[in-house]
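I've put the structures underneath this note.
Each of the next two complexes has chain A plus one other chain: chain B in the first, chain C in the second.
== the complex of A and B ==
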């Protein structure tokens, strides 16, 4: 399960499930979208009031709990954090601004390509360029410094809050805000979405599936492992979409997408750049947050805050294209991420050796 | 003996591989194998007969000893 077969199997399952979720009610090419779903949850909690994108997506609840239980079962759950938390919050915010310019996280970008949306190929090129820029800084010595072990209880808080959200969704949905129309009103059945999330969350924890990591490892090490998951998602979702008649090739008339190539490119480049500095795409951050990584919890909070902000201040694109506010925000985002990348370059090449460690290797 | 060291940061691993190169110890930088960690950083694999005790840096999170296909944790920095 941990080898090549595991990651390809996981990618294939994600692709199939994503197609089925659309078939049973999710918005077009949005079986999964971490950015969109976090944005929908922010809306359901009243953090923004864009009426068409408000819903507590059970997929997110499932992803978190699936990854949580899998990490506990594998004895890998461990609370740790302390690696430049607020920088991560800001990066999470900016990754969301970039994703909402493009209209989707990197995972949805793959699913959009699999649905025939050619705008997403422009996004993919931007994404790869953003990752490449990030890698330049990694090799120059970019570092957000080390993490530290934290009290175990700290790690349980995030999955705990997700459980509370789930209870609210089941018991008192009336206190949450749900879209009556638009993408937020397009939903697969609750139980199906939840189970889909649980399966993908568990598999993603097991295999470390990551869209950013795939391209990063390919560029850095010519290592095809993670990207084979990415390719498996694309292949199975493509076949599934063709079988279900959900495939439509072209630039125009694509579901929840716009055709402005420059801003599709720049939005995804910003998301890729920010994600490399964070060490993983939004999906990966969500999975890490569920296995006790508090730095990733903070990143998810940044994503949520960024999503609310993006809709309150009209930074998010719509099917009609990008907004002027969004274009300004993406440019500012690049400036901030470049500053974060530059000012966190470690100058010292020295390796500090530890004295007095005795290891018995015989 | 063959070791794999994992690091708290990406740059920690890069610095360490340069440090090993300066001591003429051949090493390979690569993604951390899944069975060693659920986190996804990079690790340095190296082969030396020097005492590992003199090669432990602050950046290292764990060191594994490779024995055939078996890996054994021999050092953990909490």
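== the complex of A and C ==
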């Protein structure tokens, strides 16, 4: 199951499950959306009060626990961190601002294309441009420096907190805030969403599925490995949507989407740029957070914080289009990400040689 | 004979591969890469094989030593 077959299989499963989740109640083209679901959870916890996007998405709980158990089973679980944590928090925040400008994380972008939403093609072009800008900095020596081992217990805290969230959802849902209408009220059955998350979390952990990594590795190393998962998601979700009558080609009237091309482009460009610097898309960050990577936990916290801010300060777009506040935030986001990219370039080749490469005589 | 060693431990994706790529440009005959996680091991191995090298993996505690040769 490893290698190319594994990643294509995983992509295909993600595509099929995403289509089924929509069929059974999730919002349109939103079988999975890491940005939207984290935003919904932030709302359910009262971190923002946008009434239409509040729910503890069991998919997220499943993704985390699926990845956690798989990493433990594969002896890959390892607590580590210390690679510019607060920079990662800020990048997570900004990636969320970009994603909510577009209305979806890169995974939902693929699912939107598979549903016939042509706005998402504009988003994809922006996403690729953002990744390309990030690669320029990677090639210049951008690095957030290395991680170090941490106490094992540190790694268990994040999955532990997700278990607590799950217990709250099952035992005392009344203390959480759930949307009565809008996307937050569109939900596949709890058990189905949970199992969907568990399966995808486990597979994504095993195969390192990453939407940003796909395009990045193709440009950087001419490596088709990760992007074959990306293509498999697109292909199976497209076929599934056509079969279930969920496919509708066009720019207008698409579910939870707007038609402002410039801001769809810029939103995803910002998300792509930020994600390359983080080393992976929001899905990948969530998976890494579940296998003990505390830097990714901090990134997920940044995503959550960003989602809450985006709704509290009207940065997030809606079906009506982007907001002026959101447009300002995206531009500021670009400035901050450019500064992070520039100031983290390791000074020169020589310094890097001393740092990372040592020449030894045999 | 000089053996170039790249220490990519703790580096997040895709840095171990980039470090390997750069080091191979200066040492086209091959080198040794040290990584500390399975993802980096797989990624560096895939890159080296795609670039026409052979890779021999040995474990040292929780680290992996990748011996990359023509």
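What we mean here is this: the second predicted complex is superposed on the first by the 349 of 362 C-alpha atoms of A that agree within 3 Å, B and C clash if a C-alpha of one lies under 4 Å from a C-alpha of the other, contacts with A are read in each partner's own complex, and residues count from 1 in each chain.
Just so we're on the same page, contacts are C-beta pairs under 8 Å (C-beta built on N, C-alpha and C of every residue); 3 or more make two chains touch, one makes a residue touch a chain.
A quick note: this is a predicted structure, and the numbers were derived from the prediction, not measured.
For chain A, which side has the bigger count of touched residues, chain B or chain C?
The larger set of chain A residues in touch belongs to B.
Look at A:295 in the shared chain and tell me whether it touches chain B only, chain C only, both, or neither; answer first, second, both or neither.
second
Quick one: is A:280 in contact with chain B, with chain C, with both, or with neither? Answer first, second, both or neither.
In the superposed model, A:280 contacts both chain B and chain C.
In the overlay, answer first, second, both or neither for which of chain B and chain C A:346 touches.
Once the two structures are laid over each other on A, A:346 reaches chain B alone.
With the two structures laid over each other on chain A, which partner does A:152 touch: chain B (first), chain C (second), both, or neither?
neither
Just to be sure I read the superposition right, which of the two partners does A:225 touch: chain B = first, chain C = second, or both, or neither?
both
Shared contact residues on chain A for chain B and chain C?
Dual-contact residues (chain A): 74, 76, 83, 138-139, 143-144, 146-148, 208, 210, 213, 217, 220-221, 223, 225, 279-280, 357-361.
Quick one: which bits of chain B touch chain A in the complex? Just the residue numbers, please.
Contacts found on chain B: 1, 8-12, 14-16, 18-19, 29-31, 34-35, 38-42, 52-59, 61, 63, 65, 74-75, 78.
Show which residues of chain C lie in contact with chain A when the two form their complex.
The contact residues of chain C facing chain A are 1-15, 17-19, 21, 23, 37-39, 42, 46-47, 50, 62.
Can you list the chain A residues touching chain B in their complex?
2-3, 6, 71, 74, 76, 83, 138-139, 141-149, 205, 207-208, 210, 213, 217, 220-221, 223, 225-226, 279-280, 284, 288, 291, 293, 346, 349-354, 357-361
Which bits of chain A are touching chain C when the two form their complex?
Listed in rising order, the residues are 74, 76, 78, 80, 83, 138-139, 143-144, 146-148, 208, 210, 213, 216-217, 220-223, 225, 279-280, 295, 356-362.
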